[in-house]
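Here subunit A shows up in two complexes: once beside subunit B, once beside subunit C.
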Partner chain A sequence: MIGASISRWTMSYFAMALAWLFLALSLMMAGVGYPFAEVASPDTLVLVHAVGIGWLSIAMCGALFQFVPVLVAKPLFSEKWALPALVLLTAGLVSLIGGFLSLGGRLPPSLWLLPLGAILLVAGFGLVVVDLGLTAWLRPAGPARFVLAGLASLCATAAFGAVFAFALAGWAGSAGNALLAAGIPLHAIAGLGGWLTLTAMGVSYRLLSMFMLSPDVDERQSRMTLGAGALAIGMTVAGGILAIGLASGLSVVLSIVAVFGLASAALYGRDIAGIFRARKRRQLELNMRMATLSFASLAATALLGIALVVTDGFAAHIGPFAFLAVFGWLSGLVLAKLYKIVAFLTWLETYGPVMGRAPTPRVQDLVAEGRATKWFVIYYVAVWAGTLTLLVGEPYAFRMAAAAMTVGVVGIVREVIRTRRLADVASPVRLPGGAIAPHLLFARN
Partner chain B sequence: MPEYVDVDVRPILRAGGEPFSVIMAALERLAPGQGLRLFATFKPVPLFAVMANKGFAHAEQALDGGEWEILFTPTETKSEPAPTAADGPGLDDWPAPTVNLDNRDLDPPEPMVRILAAADNLGPGETLSALLRREPVFLFPQLEKRGFRWLGGFTPDGATYELTVRAPS
Partner chain C sequence: MTDQLVERVRDALRAVIDPELGENIVDLGFVYDIAVAGGAARITMTATTPGCPATFFLKEGTQAAASAVPGIVSADVTMTFEPPWTPSMIEPAVRASLGFAAVN
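Let's turn to the complex of A and B:
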């Protein structure tokens, strides 16, 4: 079959991802992990992996199971792998977090949980990478190239992480210990910069031009953006391992990576500005207006990074830098797009079968943007305030910011659930001509 | 015998692409009386009806490896036998569209809504044509479920997607 159908498990991925986000926000409100503990402490590792794997990676995988088939206009290589992958990822993350808690003395010593978690996560991400990779490979053009580069980065991130997990359990030998001692930045850059950022960029190119009626970005142009980003990640992995092996030159490698990374972010900014300028649709939907706050956060992250390097404060302030990248840029974009994707998929699932045969609502009738706007604004303002509290070293104010972020996310999730339940659709067109209301957590395709 | 212009869409098909627009572009460049020699990786039955509509008869010949060579000859030259070999019910007659939609400037998913609404009003075997900005990937499964056939592709400049939908006869 040509074309793309509704991905059955995307909603399940989104729900699981949001559950992890709430867990992470609760930890931040409770003062567990950074900034109440060291950046490299076991408590911070719990927090970082709940956000990086639990929230962002699982949400991204769920979105990609739906989106990659749309990019290539071909069905997913295997729909059957999506649910086992989610189970493996969840089990692996629970085990990994158990290992970190045991590392920090919060659980009885059971460091074997770390390698077990790593194996389960590698298996889960392996299923995702093979499934999405084989699908994207069918038409590797434009945004699909970004996804492929993102998946390659995911493999590198998972490989680093697995070595670290085995090294922390004492099972990785001297090479593993050397990598663990110096290689954490490589793992973080490959994960946040490669997997999550490159993939988010690729997906945003198509979503933005689709929803704003704008021509696709010229392929030669986006290829430069991807090229700079892929060079940064390739340099991180290859140059980083080499430098650690030679026990010198890692800071030189990371400086080169930073230059390529900044170039990629700047080129991406140019591409996105082009899409906005060329759009036929003047009136922007909420998800698009909120996405601009996310782009602004990416630009602010880049500027903050430059400012910290110039003032020689980067190492001391890696926390606020990463916080702004993770919650302003990545999480903000994922929340804004999730809001739209859930509305669109719910609309398609419910009304697709009766479309043209009975009056159906518009996608916009499923959402109440006026109500949702304030939750997004609260979220973004809280993230920016949180970044400031981290910069000036006010951990208690940071907990207030985390509480405000939670209020924003609770509001957004409530809106998304209302959308899924068709709660805002007026009754005559809510379920016309035999349309069936969707299930909250999966699609009946 | 008329002259034939060769169009080989096998590389496009092997790459998973959509050759319709390339064929239509080649057609527009033909001089009066010229025919088209098409090479494809499958027998493009729906195309026969489209070409018959445009005044071309076809004669197909199987090549090795499941590939096909099709000669499209302008019927005015009378150099080939009468057009449109019936290959199966409902595959050989794509009449001129009864509905023409220009959905290029509509917000998604409005193009899809309008196509499905118009398609449901078609009589048996009738066709509609629609212009779009993008390949309507979510529309195809809906058309398939309702028993419609379709043929589509981008124009050579890549700016417009031309879609023809035919109701079940």
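Let's turn to the complex of A and C:
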């Protein structure tokens, strides 16, 4: 076989990720955590980890199990590790969140849940990193390099997080406590900027080129983008730990990180604009049009960051800045690509085996873009409105924005379920002889 | 007779579509060569993206479609990415309907 097969558990990862997203949206609508509590409060930690690990990381891992083999045109190192990793990640996150609830007094004292959660999460992410890392390493070129840098950042993020979890339980000694007291920005930058953003960048290069029939980005060009991003993350981890060790404060380190981070985002913008310009398919599908709103959100996040630094308001407005990065840039991109990936994988699973033997529909016949567009628009407008409510300090209006985001996500998920059920495929070609309808939550291969 | 068989194989391959572009692989220009000798068909073809799982199904589908042609006893399909496929290889009428610029 040339290259890749269908990843059995990618749909299970997507389903679990969406479940965590709904939990996070419910918390935001209910007013649990920021902006109704401090950014560093236990309630906010519940929210942040439900989004960062539950939604974004699990969705990203699910996509990578399918996608890294495509990037390197080699099979996944081990398909068998994907399900145990999902179980470990889920159990670890439940335990971690239990620990945060205990920390905030919402559960009886049981801080041991934090280190237990950390151990389970490190084990789960460890399986993912080894499996994907050994696969990507087979041909570490182009987008696969971004994935490797993202996986290295994931290791750093998990290591910081594990130290924090042990420190919060009182098991990490003075060095752990010092890291906990000052190192939370390092954990957040390594996670959102390194793991999630660098990986999303790498995957988007290939997905965009593939689905728009555009030539791959010149390797020297993308290497500069990755270099700036990797320097930002390397500086965050090494410079940050050194600064904490020397008790010299993080402001110099974070300034350097911001410069490299902005450079990386700007170079990425240049690369993406080049892919769009060179595309051979002139008409953009819905997932591409919606991805452009995600790229616009990334640009807006960068501009907002600059504006807040210039006006000396960054520390006070870290919430809206992170919110726009997480929900506009990362979540928007993941939702747009998930919409496409589910249709594409469902087509492969259902119709691939009967191709040449019976008439088959196109991938586009599995989706109803006209109907789906409004849900994406509602989602993005709600995210931008939510960012504004946080900037101007209107937490009750923020809850309404969260409700509108939920409406958008429910609509998108309904469309994805219809795709999975082949509900929009016209009956003559819906299930040709020999084709088997897919299962909602996993691939039958 | 052999030429007729080649044409029959070519027609049969129109049952295989690229799922993304939604057109058959013959009109898309994916089929680089069809040779038939003594009932054995040898097909050389390409796809848009190396490493994509769809590429595997395109190859399998091509093999199945060719094997079903009366007079063909075996079909051997080789997937190649040299020369790389470009939209200029699409039949002009299909290219226009897909929204590709002619210069591509």
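Note that in this section the second predicted complex is superposed on the first by the 442 of 445 C-alpha atoms of A that agree within 3 Å, B and C clash if a C-alpha of one lies under 4 Å from a C-alpha of the other, contacts with A are read in each partner's own complex, and residues count from 1 in each chain.
By definition in this document, a residue touches a chain if its C-beta (ideal position, glycine included) is under 8 Å from a C-beta of that chain, and two chains touch if they have at least 3 such contacts.
Bear in mind the structure is a predicted one, so any value in this text is a computation, not a measurement.
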| said: Taking subunit A as the common reference, can subunit B and subunit C both be placed on it without clashing, or not? Answer clash or fit. | reply: clash
| message | Looking at A:423, would you say it contacts subunit B, subunit C, both, or neither? Reply first, second, both or neither. | response | neither
| Of the two partner chains, subunit B (first) and subunit C (second), which one does A:73 touch, if any: first, second, both, or neither? | both
| query | A:282 contacts which: subunit B (first), subunit C (second), both, neither? | reply | second
| If you stack the two complexes on chain A, which partner ends up touching A:353: first (subunit B), second (subunit C), both, or neither? | both
| task | Applying the touch criterion given at the start, work out whether A:138 contacts subunit B, subunit C, both or neither, answering first, second, both or neither. | result | first
| Common interface residues of subunit A - those touching subunit B in one complex and subunit C in the other | 1-5, 69-70, 72-74, 210-211, 213, 280-281, 344, 347-348, 352-353, 355-357, 360, 362-363
| query | Which subunit A residues qualify as touching subunit C in the complex? | reply | 1-6, 69-74, 210-211, 213, 280-283, 344, 347-348, 351-353, 355-360, 362-365
| note | subunit A partner, complex, touching residues on subunit C are 13, 15-17, 19-22, 48-66, 68, 79, 86-87, 98-101, 104
| field | Contact footprint of subunit A on subunit B as seen in their complex | value | 15-16, 105, 107-110, 112-113, 115-120, 133-142, 144-145, 159
| remark: As the complex stands, subunit A meets subunit B at residues 1-5, 69-70, 72-74, 138-139, 210-211, 213, 215, 280-281, 344, 347-348, 352-353, 355-357, 360, 362-363
